[in-house]
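What follows is a group of structures, each given as C-alpha cells.
Each of the two complexes below includes chain A, the first together with chain B, the second together with chain C.
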Partner chain A sequence: MSQFTDWDILRNLLLAARWTILLSLLAFAGGSIVGLLLTFMRISRRKPLIWVTRIYIEIFQGTPLLMQLFIAFFGLGLLGIDVSAWTAAALALTLFSSAFLSDIWRGCVESLPKGQWEASRCLGLNYLQTMRYIILPQALRIAIPPTVGFSVQIVKGTALASIIGFVELTKAGTMLNNATFEPFKVFAMVALIYFLLCYPLSRASQYLEEKLNVAGKRA
Partner chain B sequence: MSLVSVRDVHKYFGDLHVLKGIDLDIKAGEVVSIIGRSGSGKSTLLRCMNGLESYDQGAIILDGMEVSTDEFQVRKLSQSVGMVFQSFNLFPHLTVGENIMLAPTLIKKTSKAEAKKLAQEVLEKVGLGDKFGQYPEKLSGGQQQRVAIARSLAMKPKVLLCDEITSALDPELVGDVLKVLEQLAAEGMTLVLVTHEMNFARDVGDRVVFMHQGKVHETGDAKTVLADPQTPELRQFIGAVL
Partner chain C sequence: MGYELNFGALLEYQDVLLAGLWMTVKLTVVSTLLGILLGILGAAARRHRNPVLRHGSKAYVELIRNTPFIVQLFFIFFGLPAIGIKMTEVEAGILALVINLGAYLTEIIRAGIDNTPKGQIEAARTLGLSSRQIFIRIILPPAFQRVYSSVVSQCIIVMLGSAVVSQISVQELTFAANFIQSRNFLSFESYLVAALLYLLLAFLMRLIFNLIGSRAFSREEKQS
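Let's turn to the complex of A and B:
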C-alpha cells in the first residue's frame, strides 16, 4: 500500500474539484438556458404552456435530486441509451437547476407591481415591448441575488453525482478515504474545499442584494 | 358628437354586478368629475373607458373607436386616451425623460431628438423642466404624479382619464397636481376624473357624475349639483366628504 502525504490528499482533491467546478458551471449554464425558456413559457398567457411548465417544475422540485440522477443514469441505460456518469450528472443537474431557476425568475417577474403593466398598456406598448423595456430590466435586477444564491445549491448538488460514480470532489474524497483510512482528515478537506467554493458565492449574493436594493431603486 | 359615449354598460366581477347600465356622454373639452363612495363602480367605469377593464354588455365609443380589451384595439386607443393612476406607476428604472420618451419613440416612431424636445416641453408644462435626468424615486409624490401626467400628455391624447390621482399624495402636494389639471382644463383638454376633491370638481369641473351602487345616480352641472343635490344619497355623500 502506498503512502499518501497530506499534500497528496489535498492535491488529488483539488484535481477532482475541477470536475465539481466544471459540472457546476455546466449545470448553471444549462439550467439557465432551459430555465429561461421555462420562465418565458410560464409568464406567457398561453394556458397549455403554463401547465407544461408547472408540471415540469413540480416534478423536479418534488423529487430528490438523487432520484433524478439515478433515473438519468440507470433509467436511460435501461432504455438502451448509453449514458456516461458525466452526461447523466450534467443532464440531471441541468434539469434540476432549470426548475428552480425558472421558479425564482417567475417570482421576480410577478413581484413587479401590476401598475407597471397597466401603465405600459395605457401608453400603447404591446406585450413584448412591455416585457423588453419595462418588466425584464426590473425583474433582472431583482433576480440576480437569488440566482447567485441558488448557484450554491448547484455546487453542493454536484456532490450527489459521486453516487453514480462520477469522480468529482466527493467521490475523490471517498476514494482517498478508502486508501488512507483517514476519514476525518480527508472529509474535512473535502468540506473545506466546498466551503471555499460556496462561501464567496453566498457572500456575493448578499452583497448584490444590498447593493441592488439601495442603488437599485435609483437606477 | 361626443368624444366618449358610454351606452348601457354592464360589468360583473364574478357574481358581483358592479356596473348596472351606465349611460354617459362626454363632449370634447369637458371636465367631468365622477364621484361616489368606494365600491360604487367609479374606478371600474373609468378603467372600462380605455380598455383596461372589460365590460360584459353595452358599448363604449371613444373618439370613434369601439373600446375593448383586445391588445390591438388598446394600442389604437392609446393614441386618443391617456391615463394617470393613483399610484403614479412611473417606470423606476428609467429617468423622468426616458419615462416620457418611451411611448412616443416606440409607438409613434418619433425620432429620439424630437421625442426629447417633446419630453422637455411637457415637463415644462407640468413645472418640472429641470427634472429630465432624474430618477423617479428622487422626486416627491406630487412631482412623480406630475411626471406621470406629462408622460400621458406626450402621447397627445384627446382625453385624459385620472383615477384618484391625488389620493396617495400628502395634502400639501395635492395643490400642485390640481393646478396642472386646472391648466389643462383651461387649454381645452377633455378630463375625466375619479376624484374626492369636491372643491376642484366644483370650481374647475363642468359636470359631476355621482355614482351609487353601480349606477349614475345623479348628474348635472358641477356647481348646481354640488350646491343643491336632488337625491338623499348625494346629499349624504357630500355631507360626509365636505
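Let's turn to the complex of A and C:
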C-alpha cells in the first residue's frame, strides 16, 4: 500500500478543487440566466407568471438542496435521460441558485422608489424603456453585493454533489480519508481550501456593500 | 417509454418515513433552541470589551460561514474522534447543526444590536444598569425583534440542511428516503415524498415562528 505524504493529500485535494470551482462557475452562470428570466417574470404584471415564479421559488427554497440533487439524479433517469453525477449536480445547482438569485434581484428591483416608475411613465417611456434606462441600471448596482454574497452559498452547495458521487473537493476528502485514515488532517485541509475559496468572496461582498452604502449616503 | 409512478408502494414504509420525520423534527427543535442561544452568546461576545472574545467570535463566524456544512459535519464526526473526542451520530449531527446555526445567528443578531440607538444605551448607563443588564434588558429584546424574520429564515435553512446529517447515518427523513429507495428502487417517488415533507415542515416552522413572534412582540409594541 502506498503512503500518502501531507503534500500528496494537499495536491490531490487541490486537483479536486478544480472541479469544485468549475461546478460553481457553471451553477452560477446557469443560475444567473434562469434567475434573470424568473426575475423578469416576477416583476411583470401578469398574475399567472408571478404565481409560477412564486411557486418555483417556494419549492426550491423550501426543500433541501440534497433532495433536489437526488431528484435530479434519480428522477431524470426515469424519464429515460441518462444523467451523470456531473449533469445532475449542474442542473440541480442551477435551479437552486436561480430561485435564490431571482428572489434577491426581485428585492433589488422592488427596493427602488415607486416614484422612479411614475416619473418614467410621465416622461412617456414604455415598460421596456423604463426597465432598460431607469430601473435595471439602478437595480444592478444594488444587486451586486448580495449576488457576490450568494456565490459563497453556491460554492458551499457544490459540496453536496459529493453525495451523488461527483468527485470534487469534499468527495476527494472522503476518499483520501479512506486511504489515509487521517480524518482530522484531511477534513481540516478540505475546510481550509473551501475557506480560501469563499472568504475572498464574502469579503468582496461586504466591501461592495459598504462602498454602496457610502455612495448612497452621499447622494 | 412510459414510467408509471408508484406512490402506493410507499405506504408499506410509512412507519420508516414517519420515524425519519420525527427525528428531523427533534433535530430541528434541539438545534434551533441551542443555536439561538449560541447566536446570542456569540453576538454578546462580538460586542464584549474583552478583545479575545471579540476576535474569537468573529473568527468563529467567518470560519463557519465560509465552509460547507457537510465538511463541518465530517470534521466533527470523523475528525474529532481521531483526537479522542468521541460521540454518537446524533450527537455529532446536533453539534454540527448548532455550531452552524450559531455562527449565522451571531452575525444576524449582531446586525440587530448594531442598530440600537446610542441614546438608549447612554440612558441605561445613566440609570446605573450594569453592562450585563444593559445587554439583556435594553439591547437584546428590540435587537432580536428587529432581526426576527432573518432568524426564522436561518432556522428554516438549517432545518433543510439537516438532510445532510443522513450522511453520517443519523436516521432522519433523508435517511428514511434513502432506506426506502434502497429496498423498493422507487427512488424518485421516495425522494419526492420526502421533499414534500420538508416543504411542509418549512411551512409549519414559519407558521409556528410567526405565531410565537406575534405573541412575544405584540406586548412590547402596545407599550411603545
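Going forward, the second predicted complex is superposed on the first by the 215 of 219 C-alpha atoms of A that agree within 3 Å, B and C clash if a C-alpha of one lies under 4 Å from a C-alpha of the other, contacts with A are read in each partner's own complex, and residues count from 1 in each chain.
Rule of thumb we're sticking to: a contact is a pair of C-beta atoms (placed from the backbone, for glycine too) under 8 Å apart; a residue touches a chain by one contact, two chains touch by 3 or more.
A quick note: this is a predicted structure, and the numbers were derived from the prediction, not measured.
K.L.:
Name the contact category of A:R18: first (chain B only), second (chain C only), both, or neither.
P.N.:
neither
K.L.:
Considering only touches as defined above, state whether A:M67 meets chain B (first), chain C (second), both or neither.
P.N.:
A:M67 sits against chain C, while chain B stays out of touch.
K.L.:
When the two structures are overlaid on chain A, which partner does A:L160 contact: first (chain B), second (chain C), both, or neither?
P.N.:
The second partner, chain C, only.
K.L.:
Would you sort A:K211 into first (chain B), second (chain C), both or neither based on which partner it touches?
P.N.:
It touches nothing on chain B or chain C.
K.L.:
With both complexes overlaid on chain A, does A:G75 touch chain B (first), chain C (second), both or neither?
P.N.:
In the superposed model, A:G75 contacts chain C only, not chain B.
K.L.:
In the overlay, answer first, second, both or neither for which of chain B and chain C A:Q138 touches.
P.N.:
It touches chain B, and chain C stays clear.
K.L.:
Return first, second, both or neither, reflecting whether A:S202 touches chain B, chain C, both chains, or no partner chain.
P.N.:
second
K.L.:
Which partner reaches more residues of chain A, chain B or chain C?
P.N.:
C
K.L.:
What residues on chain B touch chain A, complex-wise?
P.N.:
Checking each residue of chain B against chain A gives 50, 52, 71, 74-75, 77-79, 81-83, 85, 87-93, 102-103, 106-107, 135, 137-138, 148, 151-152, 155.
K.L.:
Which positions of chain A touch chain C when the two form their complex?
P.N.:
Chain A residues touching chain C: 58-59, 61-68, 70-71, 74-75, 78-80, 152, 155-160, 162-163, 170, 173-174, 177, 182-184, 186-188, 190-191, 194-195, 198-199, 202.
K.L.:
Quick one: which bits of chain C touch chain A in the complex? Just the residue numbers, please.
P.N.:
For this pair, the touching residues of chain C are 1, 3, 62-63, 65-72, 74-75, 78-83, 156, 160-164, 166-167, 174, 177, 181, 187-188, 191-192, 194-195, 198-199, 202-203.
K.L.:
For a test of understanding, state which residues of chain A touch chain B in their complex under the given definition.
P.N.:
Residues 113, 115-116, 118-119, 121-127, 129, 133-134, 137-138, 141, 217-219.
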